[in-house]
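Chain lettering (A, B, C and D) follows the sequence in which the chains are written, and residue indices restart at 1 in each chain.
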Amino acid sequence: MTTVDGRHELDREAERLAYKPPEIRHDKQGDMESEERINKAMHHFVKNFNTQTASYLDGCLHCGMCADACHFHVRTDDPRYTPIWKIELFKRTYKRQVGPFAFFYRLLGLKRHVTIEDLEEWQHLLYDSCTVCGRCSLVCPMGIDVAGLISMARHGMFKAGLIPEELHDVAKRAAETGSPLGITPDKFEDRVEWMADEHDVEIPMDVEQADVLAVMSSIEIQKYPQSIAATAKILNAAGESWTFRTDGFEATNFGMLSGNPDWQKEATMKLIDAAIKIGAKMIVLPECGHAYMALRWMGANMYGKPLPFKVYHISEYMADALNTGKIKVKKVEKSVTYHDPCQVSRRGGATQAARDVIKHLGVDFREMEYGGDYNWCCGGGGGVVTIKRADPLRHRVFKLKMDQVEKTEADELLSSCANCRQSFDDSQQHFNWDYTMGSLMEMVAENLEEDNS
Amino acid sequence: MDLLDFARGPALQWAAYILVAGTIWRIVGITLLKEKPDYSEPRKSAGYPAALKVIWTRAFTAEPFAKATLYPKMMAYVMHIGLFAVIFLFTPHIVFFEGWTGLDWPGLPNSVIFFLGVATVVSAVALLVRRLTNPVLKLISNFDDYFSWFVSTLPVVTGLLIPVRVGLRYEDLLAVHILSVALLLIWLPFGKLGHTFLVFVTRGTTGMVFERRGAKT
Amino acid sequence: MTSLDNIGVQVEAVHGNVRPILNEVLHALDKLIDNNETTVIDLAGLPFAPGELDVLEETLGQGELSAQLDALGSSRIQETTYPGVWWIEHRNAHDEVVGRYLEITRIPEILSSQDADICAGRARLGEQFE
Amino acid sequence: MKNKPTVGEILQAKGVSRRGFLKYCATTASLLALPPAMIPRIAKAIESARRPSVIWLSFQECTGCTESLTRSAAPTVEGLIFDAISLDYHHTLQAASGEQAEAARHAAMEENEGGYLVLVDGSIPMGNPGFSTIAGISNHDMLMETVAGAAAVVSIGTCAAFGGIPGANPNPTGAVAVQDLVKDKPIINVPGCPPIPMVMTAVLTQFLTFGQLPEVDKFGRPLAFFGQTIHDRCYRRPFYEQGKFANTFDDEGAKAGWCLYKLGCKGPTTYNACATAKWNQGTSFPIESGHPCLGCSEPGFWDKGGFYEPLSTGKFGSGAKVAGAAAAGVALGVAAAAAGRSRQAKFTKEG
């Protein structure tokens, strides 16, 4: 007699000895000739070369250690998933076109031209198999920020019309409608009203002057609308003068993820303009990882000068409000583990904020093994979660995360990123897994001390 | 002019000129590319102290990666420490540097140097074998990797052969050794051996960028 | 000499040759015992440090038998404290050492009267009876 | 040659006993660096060897080599060898001079046609024959005339062997070595400034006893004496291995007799027998006296940098040239960056 506990899907057919990458479509956008695509890719690779990227691209030792940090490689042993290999075309273009010895590389033909076949193959490597989580950047003995280079390499791919179709769809929709999920300002207003009613909370909308501009992620608005109420409860409890704006509510930035700097700038400028318009002193970003990277660290560079307001991730805001006593929370009798969104923690520098919040909640906090800055990524960042064909790979990679979470034996799994939450939910479903990803912000909102408000 | 005179004279001279010119060429060629200003509000003050910090800390593997990278890291340590000792703590080399810079420092006994030299070659061979067999390294390696291995291991091997003699005369072996060093110096600025100076640039850059974010470096 | 002594030279002794030579002597004695084979070690070809020869000589010591030969300058043939090990030192007419050997044998060849000399001596003695 | 007595006969005539002869053979074996087991063969060979005729030519030299040799040629055992050779011409040593002396040379050459040895010390000036003449004959003419009928030539000293000091940069007399001029005779080089007397006599003894010239290295030097470096046979070698060095001539290291490498010792690249043969009747050799080896028995030793410059000192170019290289690097770097930027600008425009 055997019993199958049903927690994980039983699959007797799966290949065990070797990982076979899924069949790859080579998606193409537009109707450019191959030659033109190559030129576009090259030109937009080249635009990114500056002192910093040049030193990175010149400094690689080919030691291969980044492979040991990358979840895609660790789970598949496919050497192509070595992070530095993913930017091989970008690197090759640098050496051939702009590097200090470019003249000789061209003269002697030492680095061959990038071909259309190369670019097609690298579509899979630069998008499907990289979440830009930046774990590889921490292992590199030369200190090369490989993840940063991936983001730049995507610029060339986008302009050449060679990115995964689903991601392109989402990014295009975001550019056209202002939201990757097609959430128009009207729809946003509807949802906010609905949440205000449902949760009996006052939610200011389109206030002319406010100190705080709160923004949301479309994923939250669509899939986790309770986040809207939670955000409102917390900001109300803190007594902030704040508002949502219909002319600047979308925090996600699929221009950045897909590799189109123009769209990236548009999305960012909407938020900046809205904040400036209402004279905000601060934008509070929602539970979204890449939004933090896009506005907190890249926003001012899109704007071209320092921002006239501060940018906080909601976890940073909550940590600050709790630390200064602006809000108070009740003790929560649970054991909790926390999944760090890569762009907020590892790459954003706000690792401590979530831990401060968790401390105030008084839970039994169980840090994952190598949690915090060395956390395994959810597998869905960097736009990967939108790419349907990458699902098998993403699920495979998620196994690392599951092991990490299960080891803590915590009651609750929390994070502070709707994108992570989305890919956790998807993988949970796929594996029939026990853990449901919860929101740190929602836990705070649910446990606010009433008398304080 | 015999081989030794050629090696010690013109060969070494030209190697030195090429080393100096090539190194500066590469550094200037990189630093004069456009700079990307960062307008984001720093979380922490960073700047050069952060650069120095990471130049130091990246010499060590972070604990989460320690197990996976243990073998190549250990071999690389042996090779680098071995190279350092063999180059800078062998008395004839110290005399060489003294003749050039006027600085003098104590050396190690030859038996220790010989042992370290052998350890260096062993680790270099181990790393080469790894490069030839590990699927990741096989994929990402190019001519530069193999040639750089060759030119950096060769001087150690030729140096070790001097006391062993192997049928050749001392001055011929010495000449071959110096010529191999000249080859190393000539190649150093152009290939990946440029990490001898680029390591300060790359680690330093990352230190400054990520420290100002307050992120993990 | 006194002014030279004032320099204060205190040479650090190196006696790297002594042990290998003694080892060679040991093996030579085995050969003498087992096969009656004679060995001659020429000390001229060895790079002795200052004073090293004295150490060797002192280590071997002076045994029971000592002979002096006068032919083209004097020669000292000295059995060491190790029987069968002979210290042989040839000097020229100016009393300068021209050769030093360790001979591991029962009796050094040069101590034996030589046939040619015996014949010459016999002839000389015979002359007295003519 | 037939009319010359054998060495055995000469010794017998001098009343040397068989024991004395054995002693002589033993020291000869030592001298030739041959194993003692060879003594009986040597004895046999020496007994029947005949006095060869030797002609000694001195060109651009300082007479140091002759000095060295005559020091050793005092009535010692090696001295006997000189009794055993017939030194028929040596313009410094012989009583005769001028035409008389030249007549003796010609007589020896005729009498021993094809069998005599020519010993040469000093280099030969090729710049102008008048730079050095003997009895009105230029060195070159005398050398070529004399070696024509010789069995072999022995170049005594670094000047004859490699050009030596006269041949050093800028070589005003156009001095060359014997081997640069004589191509059709066996040549043995016995370099050194001066050469070890024992080595000179050993070469002659070898020729005398075995009628053949010794095995030589690539510079024509007898391997028995020039087969190993001074460094290899130096009693101070252990200090080198231990890293114990004299840094100045009067520091503790110097007084303790440590390695002289850092004071410019050329021992590691110098092939000679000083460390074992020693000088002044076996008293010591330069390193033993606290002075680094100059490398005098090596070709071009005078032009190999300072005597007190350590061997491993590189000959880097001047600071100015290095600065020039740095400036070139800057220029190339600027050009490379400009080229890179212009390509970026061009590509950006093309979008």
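Rule of thumb we're sticking to: contacts are C-beta pairs under 8 Å (C-beta built on N, C-alpha and C of every residue); 3 or more make two chains touch, one makes a residue touch a chain.
This is a predicted model, so every value here is computed, not measured.
Ranked by distance of CA centroids from chain B, the top chain is C. A count of C-beta contacts for the chain pairs C-D and A-D puts C-D on top. Each chain gets a centre from its C-alpha atoms; the one nearest the centre of all protein C-alpha atoms is B. Here the CA centre of chain C is 31 Å from the CA centre of chain D. Averaging C-alpha coordinates per chain places the centre of chain B 57 Å away from that of chain C. Computed from the mean C-alpha positions, the centre of chain A lies at a distance of 80 Å from the centre of chain D.
Chain B and chain D have Cα centroids separated by 43 Å.
Each of residues 49, 98-101 in chain A touches at least two other chains. The set of chain D residues touching two or more other chains comprises 332-333, 336-337, 340-341, 344. Listed for chain B are residues 25-26, 28-34, each touching two or more other chains. Within the complex formed with chain A, the chain D residues making contact are 332-333, 336-337, 339-341, 343-344, 347-348, 350-351.
The touching residues of chain A, when paired with chain D in their complex, are 39-40, 42-43, 46-47, 49, 97-103, 159. The touching residues of chain C, when paired with chain D in their complex, are 7-12, 14, 16-17, 40-42, 44-50, 52, 69, 71-73, 75, 90, 92-94, 96-99, 101, 109-110, 114-117.
Of all residues in chain D, only 16-20, 22-24, 26-27, 29-30, 33, 35-37, 74-77, 80, 233-236, 238-239, 244, 255-258, 275-277, 281-282, 284, 288 touch chain C in the complex they form. Against chain B, in their complex, chain A makes its touches with residues 49-52, 54-56, 58-65, 67-69, 73-74, 77, 79-80, 82, 84-85, 88, 98-101, 137-145, 296-301, 303-307, 310-311, 345-351, 370, 373-374.
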